[in-house]
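We call the chains A, B, C and D, going by the order they appear; numbering starts again at 1 in every chain.
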Amino acid sequence: MVSVGIIGATGYAGMELVRLLTCHPGVRLAALSSVSFEGKAISEVYPGLAKLCDMKLANEDEVIAASDVVFASLPHGLSEEIAEKCVDAGKVFVDLGADFRLYDEADYKNWYGLDYKKPELHKKAVYGLPELYRERIKTADIIGNPGCYPTSIALGLAPAIKNKVISLEGIVIDSKSGVTGAGRSPTQNTHFPEANESLSAYKAGCHRHTPEIEQTVSELASEKVSVTFVPHLLPINRGIESTIYCRLTEGIGLDEVHKHYVEFYHGERFVRVMPQGSYAEIRNVRCSNFCDISLHVDARTHTLIISSVIDNVVKGAAGQAIQNMNIRFGLDEAAGLLVPPAII
Amino acid sequence: MVSVGIIGATGYAGMELVRLLTCHPGVRLAALSSVSFEGKAISEVYPGLAKLCDMKLANEDEVIAASDVVFASLPHGLSEEIAEKCVDAGKVFVDLGADFRLYDEADYKNWYGLDYKKPELHKKAVYGLPELYRERIKTADIIGNPGCYPTSIALGLAPAIKNKVISLEGIVIDSKSGVTGAGRSPTQNTHFPEANESLSAYKAGCHRHTPEIEQTVSELASEKVSVTFVPHLLPINRGIESTIYCRLTEGIGLDEVHKHYVEFYHGERFVRVMPQGSYAEIRNVRCSNFCDISLHVDARTHTLIISSVIDNVVKGAAGQAIQNMNIRFGLDEAAGLLVPPAII
Amino acid sequence: MVSVGIIGATGYAGMELVRLLTCHPGVRLAALSSVSFEGKAISEVYPGLAKLCDMKLANEDEVIAASDVVFASLPHGLSEEIAEKCVDAGKVFVDLGADFRLYDEADYKNWYGLDYKKPELHKKAVYGLPELYRERIKTADIIGNPGCYPTSIALGLAPAIKNKVISLEGIVIDSKSGVTGAGRSPTQNTHFPEANESLSAYKAGCHRHTPEIEQTVSELASEKVSVTFVPHLLPINRGIESTIYCRLTEGIGLDEVHKHYVEFYHGERFVRVMPQGSYAEIRNVRCSNFCDISLHVDARTHTLIISSVIDNVVKGAAGQAIQNMNIRFGLDEAAGLLVPPAII
Amino acid sequence: MVSVGIIGATGYAGMELVRLLTCHPGVRLAALSSVSFEGKAISEVYPGLAKLCDMKLANEDEVIAASDVVFASLPHGLSEEIAEKCVDAGKVFVDLGADFRLYDEADYKNWYGLDYKKPELHKKAVYGLPELYRERIKTADIIGNPGCYPTSIALGLAPAIKNKVISLEGIVIDSKSGVTGAGRSPTQNTHFPEANESLSAYKAGCHRHTPEIEQTVSELASEKVSVTFVPHLLPINRGIESTIYCRLTEGIGLDEVHKHYVEFYHGERFVRVMPQGSYAEIRNVRCSNFCDISLHVDARTHTLIISSVIDNVVKGAAGQAIQNMNIRFGLDEAAGLLVPPAII
């Protein structure tokens, strides 16, 4: 049994970790912490967890001491210190925040406005997208769990880039995310009457997930790639749909592209390439760790259109973090994660 | 391993059975049937099930032959014939439809407009509400799985009636159900733009779940009780909230009532009596087999107000059916059902 | 042209006043105020008003000075002072808050925890429910605009009480309100992911609209009546549905009740008694000043079931306030208010 | 007073015409027709229209005879015959369907699979996008009212193309539409539990609005332009958001682009160019005839990002049709259309 701790357990990603881990056959929830609710039971904060997890919320040091693996879900800038404590204590650290996702400190500084305070730690960190970097994850001490948008986008683009069926110029990504992506703190934009029955773009061309997307795409392409990325706030609870537009390489058609995707994801437990003619739908992955990808070609404009959907809280956060833990600890990669989607 | 078959697997309750049973440690999905989609894979009908269940849809006889227990989720009037085949073949039959819920044929005739074609079968049938009738279920050949509204209402009322803290006169039940309760077939009322952002009562005082509610309440009270029941169509996917209004017996207060409820449900895995001052919320039971009950007293009018919430597709249908199967086959009653709610 | 001012113009009711008044043929928007946004244009706070109303937000004294009639939409406890200034300046005051709704100071103190600081003002105030108190409104200096729940309930109950077809004992009111009813300030309960796809009761038996409901019902009945009132938070933007349960007087049937309602509301512009067999639906009154009422009888339990729907922001707040102003200033009562519902 | 008739009055666009026209000061609703509901009152089909419009549904010939202008909202392929009758009778015909939108018969044949049966009629028809083609509309006998997606897109792109600040190559349009866009007939995709809490692309690169978009863009550019267009089904009732991605001409920045947009739409009543830094939001145009456009630049990739929002039922259908009628009949172009948005 792996002993698991969660720092920041009362945010949405933290709570979802609790939710999923209560059904995981190979782990024991050892300790939870929350700065805001220390001393309370997590089921007082989330009554939906009553009878399933009534653990008291402790502090971060207690969590580290009690755990083999520590998940943290915190605002950026707070994870390095925890990572260091974990490394020093010989614990594996999985960061659901942004602090260990970017290999290049310049990117972090540029997009998050902070320096790396402990640069040596970042050498021990790997970017934890299992379908692309499974080998690295197996031995990592620190795992930077990918952002929600980047997960849907990297999985959507990887086979096309690896197989060189698209141009690396002019990739356009139009993403739509449910409101849980904005976190648990109430704001005017996420106030029910203002988010409901609406939709708008935000942070067009300037969202912090951009460098993370480009890091993966560039590594896949073995050259520096820039993309245009625009997220939108979608009035649903969970789910991301990313529609990705790429210029097809001359002479390539849908059949060939589709074949590459099927092969690329052959054997993957959590990526489903849809049959030609079908569309990826958020409801088909809701509450699950799946990423569904559908492929479409606009032959008139030589454009490959990729629709990639995930549940932002599962494959885009807590589920993927558990998948990373499973890999790192030699458990079945799908342990605790084969919960079917809540299709309705 | 119990071999399980599902007749009517492509309706919402049937699909939810598949969804839940794929994670059940003690069963094997043996066969599925669907009149509308025979020959297709269920994952063609529900692409969200791809990689989890890609079984072909067979016919009803194949299902019965392959299974130890047969679940059927069909319109009323179709289950007797299947029940007979099951009984003859020595299979346990769990009916998610209405045909085996009412002990009194007159009620069935009165509210459903049909006679019992095989009255002898009904003597073998029990009403499968585990928290009230666990013992009977253990040996039943035919289990009439309760309706969604009646489940929320019977669990909400049982401790009050058993402990005689309320009057049996003038019980009023105002229920609200998500749209999955209306089934999978599109209609004008359930067309997104007409159901969304609205709410209305329907079948006020004449819904077919009324005799089922009264059957349980009367048995609990050991006398014939009539109730006023009005359901409402609520623009959400899943969930029922029933607010139940009862006159408190003279001299009884909230503390005493609350204590009765806590005691009555002591040891139950799926009923959670909320702390005083809290309210049952649909989101706390979404996608789970829980029933949350909160209790409130309007001292000015001597009224006990009970709010009871369930997920209509789980505790109100597929989850409860599995709970019944677990009891009947001597499995852990909660096996496959401890999936936490999708709180967000 | 009547000059109109709005104090508290950036709350939802204030904004809706602006929205409706921009189309009113008989008024001129003279001034708006907001403590939070003074100095900004209202279209900076609500970009949806751009090109329709770009007025600057002033302070409350400027509003009073510029207007013949002043609407205020403020938290309780703040209106008496404004009312006094208006009366002193010879302006009509319409209070959308709670301070002038209760005739009995004891009720106000009991439910709102405050004394009347200026009791003499309350003698000049009338409760502004036009369909019941049109004559009083015509000459009032201060109009207490009814609460949203009480509007739906009083209109739903009035004909039954006036015609003595129901018992005054044991009236149960189960109301459901869209989230705009909770106002514009973000809270945890109204955070999109927590309100969406859920429903729960709140303030069961202790909501502050209770004394207001009882005041009207008691006046209609000419005796003191108590009711049980439970509101619910409904995951839609606008709209209230109140289902009201009353014991029918012996010998009375649906036909007779329906006839009384049709007669009682004969000639009313904003109340629509639905044909027998139809149900009131929130979508049919959305964004409009209508109150739709449907009537149903459960003969088994001798219960009259009244379903009454309004848009909480229009008939339950801004629209009714304008209706009151129209009456008070001798305009066509429906001026500016015949905007059809947004049915889809 | 202009006498107005509506053929296909019970579809969503037809109903919305009724809704808006009941408040239009310069017209008289003369007759309505519906094949499905002939003989019924429209308020029986839409109870929300009771007391506002209780007209009987007649047949199409009665509508033409009674009207100066005839609106038709029908499936494609049915309008030519009606148009001919109108022209012969000297009535103006506004077609909300697709039959008179494309100037090139080859496009119509290619995308709709039908020939023009009466090609001479199409010479009398103009494409009725007022902001671009106001002059032509003033004298047209037949007005092809634009599709919903094309309206949002053409208005979003026009200033950029006219001012040559973008490349005509590689324009990508990602649109999201509320479910009313799919019409009133229930389908599996628009069944509440399947559309709600989800999102998916559909008809990627092959939606019938593509040639209409390209027709306008090509005319604006004075050369043949192809675009990539992918619509998505958005779980809200009303509204379209189109995010349009274009390569900026070398040396052009946001300030300059924004200035062009402000100038281009100077004096327009229904187009609002948002201040820099703001985002167009569907809620700000809901139930109104406005088109809000926000502009953003991703300098890293030299991409202009245009977000354009409309209400698909108003500016995308009924409202624009009325705007066209106003222009054609010399009424104030905004008559009956200055209904503010339902922001909440």
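Note that in this section a contact is a pair of C-beta atoms (placed from the backbone, for glycine too) under 8 Å apart; a residue touches a chain by one contact, two chains touch by 3 or more.
Being a predicted model, the structure only gives us computed values, none of them experimental.
Looking at the partners of chain A and chain C together, the chains they share are B, D. Under the contact definition, chain A and chain D share the contacting chains B, C. In terms of the distance between Cα centroids, chain D is separated most widely from B.
Per-chain Cα centroids separate chain B from chain D by 46 Å.
Each chain gets one centre point, the mean of its Cα atoms, and the points for chain B and chain C are 38 Å apart. Inter-chain centre distance (chain C to chain D, centres taken as mean C-alpha positions): 36 Å. Counting partner chains per residue, chain B shows two or more touched chains at residues 12, 180, 193, 196-197, 235-238, 281, 283, 286, 344. Only residues 12, 178-180, 184-188, 190-193, 195-197, 235-237 of chain D touch chain B when the two sit together in their complex. In the complex of the two chains, the chain C residues touching chain D come out as 12, 15-16, 18-20, 22-23, 46-53, 180, 197, 237-238, 269, 272, 274, 278, 281, 283-288, 290, 292, 313, 338-344. Partner chain C is touched in their complex by these residues of chain B: 170, 172, 174, 176, 193-194, 196-202, 204-206, 226-228, 230, 232, 234-239, 241, 243, 245, 247, 279-283, 286, 294, 296-301, 303, 305, 307, 309, 344.
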